[in-house]
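The following pair of complexes shares a single chain, chain A, combined with chain B in the former and chain C in the latter.
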Partner chain A sequence: MEATYIKRKKDGRINIKWGNKGDRVLRWTLVVLTILTVVSFLFFNYAGLELGSAIRETAYNLNVMFLEPALSHLDLGEAMYQVVVTLSLAFLATVIGAIIAFFLSLMAATNLAPVGVTRIVRVFVAIIRAVPTVLWVLIFAIAAGLGSEAAVLGMLFHSIAYLVKAFSEAFEEVDKGILEALRSIGADWWHIVKSGVLPSTFTYLLSWIFLRFEINFGVAVAMGAAAGAGGIGFDLFMASGFYFDMREVGFITYAILIVAFLLEVISTRLKKRYFPATTE
Partner chain B sequence: MSLLKIDELEKSYTADKRILKDINFEIKAGEFVSIIGPSGAGKSTMLRCINRMVEFNDGKIIFNNHDVGSLNKKELRKLRTDIGMVFQHYNLVPRLTVIENVLHGRFGYKTTLQGLMGRYSEKEKEDAFRLLEKLGIHEHAYKRCDQLSGGQQQRVGICRALIQEPKLILCDEPIASLDPNSSKIIMDLLKSISKEMGITCLVNLHQVDVAQHYSDRIIGLNDGEIVFDGKGIELSVEQINKIYGTKAKDLITS
Partner chain C sequence: MNEKTMRKSRWQTVIFLLIIIVLTYLSSAITSFNFIDGVATIPKAIGWMLSNLLVTQETLDKLPNILEKLAETTFMSIAATTIAAVVSLFLGVLGSKTTKVNNFLSVFARFIASVSRNIPVVAWSLVLLISFGQNSVTGFLALFVGTVGFLTRAFIESIDEANQSSVEALTATGSTYFQIVGKAVIPQCLPQMISWVLFMVETNIRSATLVGILTGTGIGYTFDMYYKMLNYNAVALVTLCIVITVIIVDLISNYVRKVIL
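Our next item is the complex of A and B:
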């Protein structure tokens, strides 16, 4: 006599996943998207395209780009300076974002603020996060004009939303016994934040900030190109879209890659040190 | 003179269950009183009503001539400086040093700004070291708390309560996470604090024999009701059964 609560697949093997509606919807969505992608390739307009020469020229361009990188419109000092400009844009957005996010996330943590307040802050933050960074930049560009101000504001907005979520979750992990002990002493709310919450979460906050800095560097490059924010992204845009100088594009790409690689190395170290479980 | 007087105290977290039912007792200054009872009887809740970490529903608590239930936020902070609290899990900030944790006990006396700047007077720091020395953990003063053993951490917790210069110390199962050796050290310390410094102690305990050995008086709690209130030697087997329910008797005799 077999227990009826064992679920089996059609071929009789025992199921270990509960096949719920969400899974099924997801699976069907993927199937439909795959079919649409394949079908849409058949309907493209291939009139002007000669596949042979297209591949050859692309290969040639890539070859020039990555095997013969060189600077022509910039000198090395100028290129480095522009990388620093991009890093500064990212840095500015991250630091200001972290400070604002810190105070907002105190209001978003259920163990530190009334439920009503946490709800409002969370909805606010979710809305900000739902809009892509580029869109925020364009929205701020209405008031500030396209340029670094709009780019920093846009990046700032997204950084705040991202960090509030991360910070407030870290705050909620703080042992509630610590908070209780401090309250029982007669400590006020700021004392509890400074002496109970901050020491317990400080290293987490720092590594989240660094992770966001890494993301912001990438965004800052894109903003330089797309929103005229300056920095190395703008030079990349000029080299590729204006001068068609493949060698310079290659050089700039390498420069960006090196910086991104360094940031990645540092942040991996941070993650290993402070979030050992998530890097496995 | 009575330091603490509890009158017809009622507490329920939800509408359908009374956790504390008509609690009445009085504690004299300098007394060492244990509260015993099975887990879930309401011991922790009762302790937390006294410094209003938990809001009670009905009844009256008079501490040091103040009506605890009617205090506003500011007065409540002031009241809490007079009541130290010691916890089962110590509740120290693990990443801070021993001395920093002890000095947290002064927060009740500080303005927001003083607390944020971490400003302590030289006297406060000297007092902190004197207490650490008294409890025998002064050589660990600059260690992070998470490097200490349980017994040592509990001593830090007691120092933090003492530096408040409290009139009453509430201990919620202070030895429930400790080995017998450390337990004895902690109970001896609490006893000597109450004797030498004249500080009143109200201690939640699990173990009847420990309560009998250390307390001037024992209050037995069962399902939110006081079923015993008297000296340790007056506690008979029947009364222990009444406090812990018949199940406990079965466990002991079998």
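Our next item is the complex of A and C:
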């Protein structure tokens, strides 16, 4: 313990800055975030906002939504089918994304690929990740035509970027000894990946893929609403934006909520059963 | 690992892969997704992007307008995240096993978090749009609700993971509940929490674009407008501005995270 130690500057004055660099940065981050929040309320565009009536109406709408859900423009079978469509879009984007991300992340992990290659892949992934998914879908919609291809491709791009980041971090944490042992017996690159890297990271990869599937379901709903990509999201958009039918919005919201809950429960169960190490 | 378990795990892998393949096939049948068409559109789409998404001299005139909207959106996401973080801090403290007041409030906090996380931002923004109208507050509230759900879960996990010994030490000295939370739990989890908040700021700037398209506010609306006017040069400029903003925020938060964690 250095209890009675007083920090002094070069000229002998007592250093009155307390805490280390981490603490200072932490404090500054909090201060800056607070200031930005206050400033942003001044920046807001309040056009046409009547807070009192808006809150009352929203409370009423939410009440109708959650307490009297009903279907009017869809029947139950159709609604279920649209949920399955959304799930399928999410599933396709996740599976294809995971396969591509696996190979890309092998090139992005610093212990498996030369530094030059990892840099290029990382910059590429960072740029893809920075473009919001909806913009990818809309951009692909022009080139591929509006349909499942545009939606899946748009979601695919983001899934790849997200999974490459997660996968390459998992690969970099692989025990150096395993790689060294394999290299010393003359294993080539593919052998190292297949028998060293893959077995020791497989459970992590799977839990990331599950997580991404959950995220992709939400994204697929959003894409249906914002980019007209089909599925339950589009029905949600029609129900609230065109028919102003709060009961139907409520029903669709419940449907989405149930699926999202189920996905969460399934993925926690799977993780607990097959990969107890990752739920810690 | 003996031969028997290896063989068993190999069978499990094969069955797992078969299930995945069947599901993939079913999904592409349901969504009429044609894999070959999909692959074929990628080069076409990239070619189209390279030839059409160019920032030209004329579109640069629109830059001040775009930057103004972008600033509005960025500020909106930061405000939504910060205020959501404050609310989540309370919910997180209530919901965590370490610091819960009673079981009812703990379950209640977790329930709120779960519901607001699982109802998609789209649903919130569409419902709020009806009565709040086309302004920043709608987007702010939609982002706020989703962020509360996510951050509460993250905060509960950070508090649960934190070291128990300081809590125990303070309990032993007869500290009150608020002293324990304020002096033992929060200082320990703060770096983790700030890291999550910064992550959410970045995510929210991207989601704000989506919310903007739906509610007609901020940069999302600007994008949607140019997109529907088929003014692809302006679309390129808007996208470029968003990319630069997100990357800057990403770099700042990576730096902060590296220093504080």
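Criterion: the second predicted complex is superposed on the first by the 208 of 280 C-alpha atoms of A that agree within 3 Å, B and C clash if a C-alpha of one lies under 4 Å from a C-alpha of the other, contacts with A are read in each partner's own complex, and residues count from 1 in each chain.
Everything that follows uses one rule, which is that a residue touches a chain if its C-beta (ideal position, glycine included) is under 8 Å from a C-beta of that chain, and two chains touch if they have at least 3 such contacts.
Note that the coordinates shown come from a computational prediction; the quantities given were computed from them, not determined experimentally.
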**Prompt:** In the superposed arrangement, which partner chain does A:G218 touch: chain B (first), chain C (second), both, or neither?
**Reply:** second
**Prompt:** Touch check for A:D175: first (chain B), second (chain C), both, or neither?
**Reply:** first
**Asked** Does chain B (first) or chain C (second) touch A:S200, or do both, or does neither?
**Response** first
**Request:** With both structures superposed, pick whichever of chain B and chain C touches the larger number of chain A residues.
**Result:** C
**Prompt:** Just chain B (first), just chain C (second), both, or neither: which does A:W190 touch?
**Reply:** first
**Message:** For A:L153 in the superposed arrangement: first (chain B), second (chain C), both or neither?
**Reply:** second
**Message:** Looking at A:P132 after the superposition, I want to know if it touches chain B, chain C, both of them or none. Which is it: first, second, both, neither?
**Reply:** second
**Request:** Please give the residue numbers of chain B that touch chain A in the complex, ascending.
**Result:** 51, 53, 76-81, 83-85, 87, 89-96, 100, 104-105, 107-110, 112, 115-116, 118, 157, 160, 164
**Item:** Parts of chain A lying in touch with chain B, wherever the complex brings them together
**Value:** 175, 177-178, 180-188, 190-191, 194-196, 199-200, 202
**Message:** For a test of understanding, state which residues of chain C touch chain A in their complex under the given definition.
**Reply:** 20, 23-24, 26-28, 30-34, 37-38, 41-42, 44-45, 48-49, 53, 71-72, 75-76, 78-79, 81-83, 114-115, 118-123, 126-137, 140, 190-191, 194, 197-198, 206-207, 209-210, 213-214, 217, 220, 223, 227, 232, 235, 239, 242-243, 246-247, 250, 256, 259-260
**Message:** Show me the residue ranges of chain A that touch chain C in the complex, using the header's touch definition.
**Reply:** 21-22, 25-26, 29-30, 33-34, 36-37, 39-41, 43-49, 51, 53-55, 57-58, 61-62, 65, 84-85, 87-89, 91-92, 95, 126-127, 129-135, 138-140, 142-144, 147-150, 152-153, 218, 221-222, 225-226, 230, 233, 236-237, 240-241, 244, 246, 249, 252-253, 256-257, 260-261, 264
